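In the two assemblies presented below, subunit A is common to both, partnered first by subunit B and then by subunit C.
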Partner chain A sequence: MGHEKIMGHDIDNTGTNPLTGRRRVWKEYQKVIPSDKYFYVRSCIRQNIFPASEVHFLKIMREALGKDVYENPHHTTCSGIGYHSDVVPLETSMTIVARQFALMAEAGYENLAVSCITSFGLYTEFLETWQHFPHIRERIAEKLYRATGRELVLPKCVAHASDIIYALRDEISQKAKYRLVNKNTGEPLRIVEHIGCHYAKMFPSKGVGGAEYPCVLSGMVDAWGGQIVDYPERRQCCGFGFRQYLVQANRGYSISNTKKKFDSMEPYHPDAIIANCPGCPYFMDRWQYVIAEMEGKTYGENGFGIPVLTYEELAGLVLGYDPWDLGLQVHQTSVEPLLDKMGIEYDPSQKYKGLDGKDLGRPEEPRVLKTELCPHCL
Partner chain B sequence: MIDFGYGITRSNRLNLDEADLTLARKMARREKSFGTCIGCGTCTAGCTAGHFTAYNPRKIQLMILNGQTENLKEDLEKCMLCGRCQMLCPRGISLRSLWSKLYRALDAPHKTPSVTRDIF
Partner chain C sequence: MKNIVIIGAGVAGLSAASILKEKGYDVTIIEKKAYDGGNVASWDRLFPDSRRASRLIDDVKRPLGDGVTIHYDQSITSLVKMKDGRIGVKTDSLETIHADALLVASGFSLFDAHLKEEYGYGIYDNVYTQADLESMFNAGKVLTRSGDAPRRIGFVHCVGSRDEKVGNRYCSKVCCVTAVKQASEIKQLYPDAQVYCFYMDLRMFELPYEDMYFNAQKLYGVRFIRGRLCEAAEKMDKSVVLKVEDTLAGQTMNLSVDMLVLMAGMRPASDTTRIATMLGLHCGKEGFLTPVDTFSRGNETEVDGVFLAGTCTGPKTIPQTIADARSAAICIDEYLKKRKK
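Entry: the complex of A and B
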């Protein structure tokens, strides 16, 4: 600690002044995240692949933390998935996004909470574009008015939903029923965090910790008692990449990329993976089954995979929600090893029951990847 | 195994902790200018042999640094030692000397590249 030269600047690392030293440098990597009053926009695909994540974000915010989060059923796709797949023109996407902002303003909100990383990246990209090229913003405002009769009002803050959970992580920690600690050994659980590429790699200043030190998920894990795994391919893409997956012939690129990540994290024996993107947990969850079928390779203990959760699911487990209400039964990779380590009580007979007790049907058992617990498995 | 219609490509990642860098260390000792290369590729762009064959001096330099020395000898045999790369190198690396020393370091059966041997 003391004075040192960093990139030609004399930096005070004594820590005596809150605006000097590492604190001043770190300040550049922070973003303002309001803790209340949000207009929430959902993802196109998350409700299909992790069906209870978004509803539990709302439940945690409204019921557990008492926050005001409004959701308008008239909001639509942001069109990001079409934009990144080259089927929706840029100005069409901009007008759709402008309509979302208009809906937010009409509802009396200034802060936008975004469920999807692609949407978050797209909103950020368009706001940056409109800031630097005001004539484009004017053109889009005109198109929006012509198409819908609405006025374009820019949000005061655009936060990804994981930003908000990050900002409220200590409040969640205070209400925690379970912690990310192995109940048998007392050791912190080893968690791999994976942040969606569109969160901060495009606009580093819009993410907590920027692109170099994104701590939006690691902050949650730290606050809830877990230990982050720092492995060589930590910041590598999950492998989704729209065009790598949408065309079947290209899916080899996607799975090769994911395998590279799993091979890299395997020596650290992670207990779980969390992600804040729609595609990342989906691909890291499902590709474990495909890799097992293709190469006979599994990455968890005793032939299981590594459980992959969304941050809402992890927050829900920490707060003591029922794993099956959180939708953990629709994961391809079995989550029971994680539940057992955390000491979470669950009823295996209710795994494939819907909320109304209706039988959801059991999925076919994979040939290689173990998905059901038996007394001999662990 | 199930045929999904696509496959997993083998990773081409290099683990430099496990790579055999004996040759790179040997070359750094024998030819001091070897370590000053910035990999700009001017040598390859102006290479006489490279104009007619797949010879690529920059690739050879990279392969040495990566410890991928399996096919170096065959590649190096294409060099005519004309010295054009040395003339063009912005770092002033003594490339003719480097190739000759590399040839010896690889323990080649003949001490000079084949083209040069045939000429002289």
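Entry: the complex of A and C
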């Protein structure tokens, strides 16, 4: 009894102030996250939709924090997207995953850092399956050897990249140039977190803080000065569910899911949303434009949307990286309201310039959703 | 005079003690809490006739008089079967008592509702258990955390019972009828409130229970919805949003309530395994103590001189617990008479 540290939060666990609320849950779901030496595997889609998030994970880890993160260009998709869409058979997916592990072992690493939530869920699912059904693991090892001549070596640790940023959040905080504080009011910014479904809903013990009240993102927000917003539809799917968007006829489910979340969070006036899944920030960003076009409804202040960021983008902003180097110009919902609140200096004229300085072209102006492109907003 | 030690001063322990005292034995009760009555002591009124729980405990205790010693705040530290057939009972602060027979009446604990994380007990302000609600009834005030009279109240049946996810597949027997009782009491207190019971199926097994269920609907307008709660979340005004599937209507629904009451099931008392290990008793897969034969020797164990009574062997209603305790007392009496011969 006494003061102790749970999930990085100082807890008064004395008899007069027993462990209560979320902290009690978090104590049950602690996870060992090595702070260094990772083999990094990318997502299939994140480089297209949030093009600088993964590269900034590597920059933050290597350059800002001095960590050893290795990436092998020969690694492939985990095939999770095909597996969950019923087009890739289970054993094929398992063999592909086994190959990733083999590449990691060949490179001399034991800890896997996973960019994608679905990949993280898939790796976890397969490791659990192999643990409980060793004959399946043996069969997959045999298939891997026959197909590639490689040996299956299991990782010592599988961490989602957000787990690692969570584990290093205090180091990031110490190097922070900006904090999640409204520079005009001095108040903490109100941040909505959204956790990818495949992060801990299948295996609560593999997620930081469990499945119901995960603290992987809220811990970052807390450490960087912001305030987490809880709202009734917090656990609701973002709408990215594979069957909802892969089948075109089902896309109405997708947008209605997302709308339900926005309607639920709106009364709390969030300043931003962060997510740790490839699809969640994409859908929550893009659907705000679609909802505005379809229904004339916007959820941010003064006709803007609520900026939606990946956790790498948010960490990058906190560390002082240029917003346009972080790829924030490809967001459909403008991020400028958040940048202004944080007091981040940026050059609007550089927004649509490529890294080589060439003009990338400007997107068409939305009809309803306000962006920095509106003449009266400039 | 033969000495009998009873572990637990709940309804079972007290009921057995009164019979044994009447038969002329020297009875000592070891109770871990500072009070007697066990779980019933924290209840307000009891089904099916709404009698006060405190009255029941008084009724059970009355015959004891001064002839039974109750040691409160005692934790059992060792239980040893001695060469002479007696059982050595040691607590953290008492000298060893040598018992000619030992009755384990250690009772049950309520399922820890925190473990159903999706329901938000201990997280959200207005999520309670049936025990919390009984405390409010006892205090004469049923109010939300902010001190307002609740207008909509939901009861969730089978929390930690018949639930493979938490490892408890068994039915706790009393939760359905407790929910019916409490839902009716809420309506007596707040006739205009809307009260919902979310159930899997209703197990109204004793004679008066079906009438209670009928009256809850007809007299009080309690709405029974067959379907399990998926999750609870808190709104800005601290009311609780429920996501429920109505499995009869085949529809999902979102419903807001001012209070959510979780009907937590019965678990073996926390020290059951420890007592079992010290004495070499058997526990079933659910963790309750198992007698030699559930049909014909429901109070006996495989250890000579050690007997069981009440909910330490599984969920029971209070009348069943009292009957079981009286039966155990008769078994002990027969055992000691045989030993004398």
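The definition used in the following text is that the second predicted complex is superposed on the first by the 345 of 378 C-alpha atoms of A that agree within 3 Å, B and C clash if a C-alpha of one lies under 4 Å from a C-alpha of the other, contacts with A are read in each partner's own complex, and residues count from 1 in each chain.
Quick note on the criterion: a contact is a pair of C-beta atoms (placed from the backbone, for glycine too) under 8 Å apart; a residue touches a chain by one contact, two chains touch by 3 or more.
Every value quoted in this text rests on a predicted model; they were computed, and no experiment measured them.
In the superposition on chain A, A:Y213 contacts subunit C only, with no contact to subunit B.
In the superposition on chain A, A:V290 makes contact with subunit B only, not with subunit C. Contacts of A:R24 after superposition on the shared chain: subunit C is touched, whereas subunit B is not. Of the two partner chains placed by the overlay, neither subunit B nor subunit C lies in contact with A:R179. In the superposition on chain A, A:R235 makes contact with subunit C only, while subunit B stays out of contact range. With both structures placed on the common chain, the touch criterion links A:D263 to subunit B but leaves subunit C unconnected.
Residues 248-253, 255-256, 259-260, 263, 290-291, 293-296 of subunit A are the ones that touch subunit B when the two sit in their complex. Looking at the complex, you find that subunit A touches subunit C at residues 20-22, 24-25, 210-213, 230-235, 267-268.
On the subunit B side of its complex with subunit A, the touching residues are 1-2, 4-9, 11, 13. For subunit C in complex with subunit A, the residues that touch the partner chain are 114, 117-118, 122-123, 231, 233-236, 241.
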